[in-house]
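What follows is a set of notes on a single structure, which appears directly below.
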Amino acid sequence: MKEGIKIVTIGGGSSYTPELIEGFIKRYDELPVKELWLVDIEKGREKLEIVSNLARRMVKKANIDMKIYSTLDRREALKDADFVTTQFRVGQLDARIKDEKIPLSHGLIGQETNGAGGLFKALRTIPVILDIIKDIQELCSDAWLINFTNPAGIVSEAVFRYTNFKRYIGLCNVPIGMKNNLAKLLEVDPSRIDMDFAGLNHMVYGLNVKLDGEDITGESIVKYIEGNITMKNIKDIEFNKEFIKALGVIPCPYHRYYYKSADMLKSELEEFKEGTIRGQVVKKLEEELFELYKDETLDIKPPQLEKRGGAYYSDAACNLINSIYNNKKDIQVVNTLNNGAISDFKDDEVVEVSCVITKEGPRPISMGYLPTAISGLVRQIKSFELLAAKAAVTGDYDTAYLALCINPLTSSDDVAKIVFDELIDAHSEYLIKK
Amino acid sequence: MKEGIKIVTIGGGSSYTPELIEGFIKRYDELPVKELWLVDIEKGREKLEIVSNLARRMVKKANIDMKIYSTLDRREALKDADFVTTQFRVGQLDARIKDEKIPLSHGLIGQETNGAGGLFKALRTIPVILDIIKDIQELCSDAWLINFTNPAGIVSEAVFRYTNFKRYIGLCNVPIGMKNNLAKLLEVDPSRIDMDFAGLNHMVYGLNVKLDGEDITGESIVKYIEGNITMKNIKDIEFNKEFIKALGVIPCPYHRYYYKSADMLKSELEEFKEGTIRGQVVKKLEEELFELYKDETLDIKPPQLEKRGGAYYSDAACNLINSIYNNKKDIQVVNTLNNGAISDFKDDEVVEVSCVITKEGPRPISMGYLPTAISGLVRQIKSFELLAAKAAVTGDYDTAYLALCINPLTSSDDVAKIVFDELIDAHSEYLIKK
Amino acid sequence: MKEGIKIVTIGGGSSYTPELIEGFIKRYDELPVKELWLVDIEKGREKLEIVSNLARRMVKKANIDMKIYSTLDRREALKDADFVTTQFRVGQLDARIKDEKIPLSHGLIGQETNGAGGLFKALRTIPVILDIIKDIQELCSDAWLINFTNPAGIVSEAVFRYTNFKRYIGLCNVPIGMKNNLAKLLEVDPSRIDMDFAGLNHMVYGLNVKLDGEDITGESIVKYIEGNITMKNIKDIEFNKEFIKALGVIPCPYHRYYYKSADMLKSELEEFKEGTIRGQVVKKLEEELFELYKDETLDIKPPQLEKRGGAYYSDAACNLINSIYNNKKDIQVVNTLNNGAISDFKDDEVVEVSCVITKEGPRPISMGYLPTAISGLVRQIKSFELLAAKAAVTGDYDTAYLALCINPLTSSDDVAKIVFDELIDAHSEYLIKK
Amino acid sequence: MKEGIKIVTIGGGSSYTPELIEGFIKRYDELPVKELWLVDIEKGREKLEIVSNLARRMVKKANIDMKIYSTLDRREALKDADFVTTQFRVGQLDARIKDEKIPLSHGLIGQETNGAGGLFKALRTIPVILDIIKDIQELCSDAWLINFTNPAGIVSEAVFRYTNFKRYIGLCNVPIGMKNNLAKLLEVDPSRIDMDFAGLNHMVYGLNVKLDGEDITGESIVKYIEGNITMKNIKDIEFNKEFIKALGVIPCPYHRYYYKSADMLKSELEEFKEGTIRGQVVKKLEEELFELYKDETLDIKPPQLEKRGGAYYSDAACNLINSIYNNKKDIQVVNTLNNGAISDFKDDEVVEVSCVITKEGPRPISMGYLPTAISGLVRQIKSFELLAAKAAVTGDYDTAYLALCINPLTSSDDVAKIVFDELIDAHSEYLIKK
């Protein structure tokens, strides 16, 4: 590999970017990023400038030789890149707010990456990702694409199924967050914990927890339920303790939408009435963050960023890039082709699973069959993901509506039709035509 | 095989029995049933007598040499039987009414074979079936057990997984009903229709419809939706046409509980308020039927029986017994070991699938993978069935509660706990202790 | 379907054709073949005329309305055909003799459809079959192609893997011969025997033998070994009785090449020395047959044809066509996509297996996993078939040589290279170039 | 874990033991073995004493606190052990010589771990291993059993299939030898090479070779063939270069018996005539080695041991124990349950595959499907292994003979019977009776 690393971050104007910068600065010795290109679109020009300037101040303070570029010209940025990360939102937060409000207005859960909202986010996002991949294949075909853009599971399925690009990894901060939060509850350093993760994006389970190599799964589950871990994005309604004990594995925060759908819906409907649904809250937080970022004396990641929900985002992305670059062969959790790892899935389906990370990409660890109690739900979500990916790539809205009808958060095919039609209207500028 | 056939019907006092009698009478030439033993328990003594007497009058009128026995001594009846059929209800209709009311009282669907109701019906029924199998293995080990007792899917899973008895077939009148109703809508004789059935009990789909061997699936789906076929048991709320067209296969009537759960719940809650839930309706119908049956001039199956919901019950059971007896090798739909038939399921899981019926039992036809849109839901229900069967056999109520929590009709683990505890209480006399 | 059936037989000048004619005559009432087109190539012009004239005399004697056409113009013949059968030999018997002699000259088994000979027959045949399929797709896309041309297993794999033509069935007279011969040994009518066939072409096993529906597998195996059933093509060296009893299934005649490879090789080497290898014997038989066929007083299938080795050829082909035409849904053994039927194979691999025959083609019966003792060998042959099919389609001779090296009849990669190079030379006019 | 490690080596009198001692000495800092118990049987008493004394001198020279015990009382030794290693030979070298001579005398390959010889080694060895496991489960149930005793593949299959002992690992020095030898040919340090191993014991392939993380598979194959790597045990007849290039993976030395069976047989028959078959050679080598070991001035592993064939034996065993003890999570190649790792095998079959080594044992890395060209042969050997393991556990000699008949090194079921009967006679004292 050539001297120094060139990284391109698409959606560089994101409020999360300072997380990334901090991560690269911390790892500079073993991961010498010489060029970091922040790319955004015209609508994000102002945010891009604010973030880029903050990034430059952070790098300067760290006194390292990393050059920050900002540009609206994606193709210029991609040329000869080593790693590309993506973290954009087609239609910005306004689109997210629609994804939340429209289902809720008809009594369905409105959520960014699950149910109707997740479907439409996929329909808007996947065509853009496929365009980026075309550019990568032309301009930097040896680069790795690390995709953080949600819904990461469906996006990953679309990439592996409908392109011939292999150097793609779907990444999410949920597993690393679960592990780190569990370590906190157990009051031990996360490095002493080994655990398996298996399932799908935003539908991943933690299994076989070990402390210094010894199994502590049972007590971990108890601690985890008592700790009631969630994420900033997700209301912290408690799982039923007896249920999770019987389940025998650790659910992820998003599982609340499935195992407690009535409770979550009720809570969301209250927020909807009060005008405090997540998209609205985030929009306000973002505005506050960007006010902070503008401060020319700020030269570190501001602590307020944590409220935004991106905990461990930096660790997830930077550790992955580091392990690829240095062929570390450590274990991380990513979205990649199943290739036999989880026996419940076909070899060519995408899963989120613990992998050995090598210079040639992730190598899943064999999990065998999942416990019976969780196998069915992940298979159902995979059916949804497969149809959603197909609809996003083909622009076939019959398939998209079918995907919505079979989603477990949909409780009526008729209501689904109304919600579907309204979302099609609301997002029409971002949807491809068949 | 010895001269003449001996059949034992457990739950012989059922109001459905005249269906069976009529079926055997019609087929007497090729299926010479010489002895039909109707068995029931003490609580059903009166009904058993009424039904047996009607059966005797029917046989007499048909002028055939079939002897009707009625007894409360199951073991006496089983001796050297050729076929055993089961059609009983542990706890009678009162138990069913509890299975419906208790979930409804907490806002969950209350249904005989689905959700919480189905789970508790399994918990009550499976221990009795396993007892019957022990008797069969001792007293008539070459007999075939044709089980009509619901929830037939979970019962079948329990039998194949937890006993070494192989001559078991789970049977349901749903597929034959779907095919016959479709033929009516198409205005053709059912014998001209071939179609595949694949899935699980009360969760079976019709695929690849052919008329005189030529594919007519597309137009069949349209006719089927327009015809809005249901069963007496299930409210005839219409499926969304665009949804089913996109689905590309024919759902069974019970799929309404999954694809229209909110609509079905709403409708059930109204019936609950009005005191007209299905169990209550059936109880009244049964009383009326038995009044009819008592009439000593009645010597045929009374037409009113059709309202009860057992359409094609007789055809399903008698055709199956006939094809086994005569090694007919025709195609019928039964619950049996998957053995590779549906690639979405493991070889040792029970499925409901089109089979060639031979003297040595059903041989499934290979279906390959199910369409993506239906694969996930059937896998989820199979997870539920596996846990329900395990709980019923072991008496482990943590597993039973876990089964309820992962059932797609459950929308809250906490509400599920309340419903579960109430049902445990309500049915305690019929539940085994670990 | 239009009035009357049009059948096209490619390789119509084959000595087997009178078998086919006899079959169609016998079944004329339910299978009214109005036109039978016999097609051959220039080199076969004389034989084609002889056979066509015999066919016309047979039809005349039978006094039915079936018109026999003979032509060298394949495309003219195919127009609007209902069924196409193929039974040709690229390079005629001289090519077969090379396939036998060249391996033998280096100490390897030389056989028409197995080992090096089978590989080169595949390399010569598959390109022609793919050409025929292109013509069918253009001229009679609703026709069924019934392929009898060997090596039928590899040809079938090539068709399903490398074309999008679905109305293809690979057919062989081995299974029907095994069943009929077993019935003879048991002294019962074949119609009373049911048995499963599963495996690959010329590597198929008989399992679960039933007489009038009752299992008689054990005694059938004993009878079968004692009867030492073989085919005209294959030296009747006896299987070891204790081996086959332990195996628990009935091998096909060709299994001698695998379970007794040393014995078969020894026997072949003797024939090689004596100039009586099978190709040479057949060539002489064929000449005698055609002398008979020329006799203008002959108007039936001459009994001498049976020595040629095509016993039950007619029954296999005509029964299959009959069941498709009349949507009979009886069980026959064909080469088709596995689709889950045999759990040891992938869904998209071709197997030879018992199927329900419908108007829309064969539907395999689920066999589950094969017995351990036979699973490995069939998998090994499938590996060979997959590489052979790929080599035949692509013209990649590295892949062809690889196929030969992994074939179990090859005992040295170096000897294989010599044999391979000589066969490439010997058949160069019939091999495609990459 | 308690302070210091206790290791028990069954078959401690083996000439290989000094390899182990050296390995433990080298790793003492991170793997503090405090007690090493060498166990043997009465027949091995003298060798055990010689080896134990050498071990004591080696430890003394190394100046570490490791106590060497030698005993004939296995149960005394096992008490509270942390690791048990096995490296014994039931019937000693005389049994091996019979395993080689008897097949050769009838024209079949006679080899220690393959074909007839491997089968009988399995039949003698497995009952002893199962006895040891019973002792372990009673006396040190948390210990790991690292089995080096051949045929390691069949032994491992028997342990996982027929016991409930989970802390078993089958180990072989072939993969580590292949990697180290390849590194020598490439003139790089082995630590810079990553490669996958997948297959079965003594039938393992090397795939996806990487140098510093970059793929070099193609050039590695060329180097490997040119280098003609073998083992001391196996005649170095060259693979055909064009074959291996087309194969696309690196075969193990034992593959010569399959891809070059005629050549290997010829070579073995010559040795047989000359009285230099491997067992005879090894016997002489062993005698020489023990003469050396007796030398009281010897306090290191003598270099002559390498001729014996155990290269990397020490590294394989000690690295594995070290990684378990220290939860290293590095990648090593072992025999363990497939659990989905290689899609060609069932989850409950044993494979030899690259694994992440943790304190709780090996975790296979997902390999997906093997290349077509190698899939069939490994499946065939697995069929043999499954039957051999079953025969060894049950003492059913019909199954054992069946295993021999389906082994690819058997070329005649009749010859196999003669060989089988002679081997049964020859080894009768070591074989269990049903």
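Going in written order, the chains are labelled A, B, C and D, and every chain counts its residues from 1.
Simple rule for what comes next: a contact is a pair of C-beta atoms (placed from the backbone, for glycine too) under 8 Å apart; a residue touches a chain by one contact, two chains touch by 3 or more.
Note that the structure is a prediction, hence the values are computed from the model and not measured.
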Same or different contact residues where subunit C meets its copy subunit B, judged by the half mark: same
Distance between the centres, which are taken as Cα means, of subunit D and subunit C, whole angstrom: 44
Distance between chain centroids, defined by C-alpha means - subunit A, subunit C (Å): 55
For subunit B, residues that touch 2 or more chains besides their own: none
Graph class of chain-chain contacts, one of line, ring, star, complete, other: ring
Contact set on subunit D toward subunit A in their complex: 194, 208, 210, 212-215, 327, 329-331, 338-343, 347, 356, 358-360, 363-369
Contact set on subunit C toward subunit D in their complex: 107, 239-240, 242-243, 245-247, 259-263, 372-377, 379-384, 386-387, 398-399, 401-402, 405-406, 408, 411-417
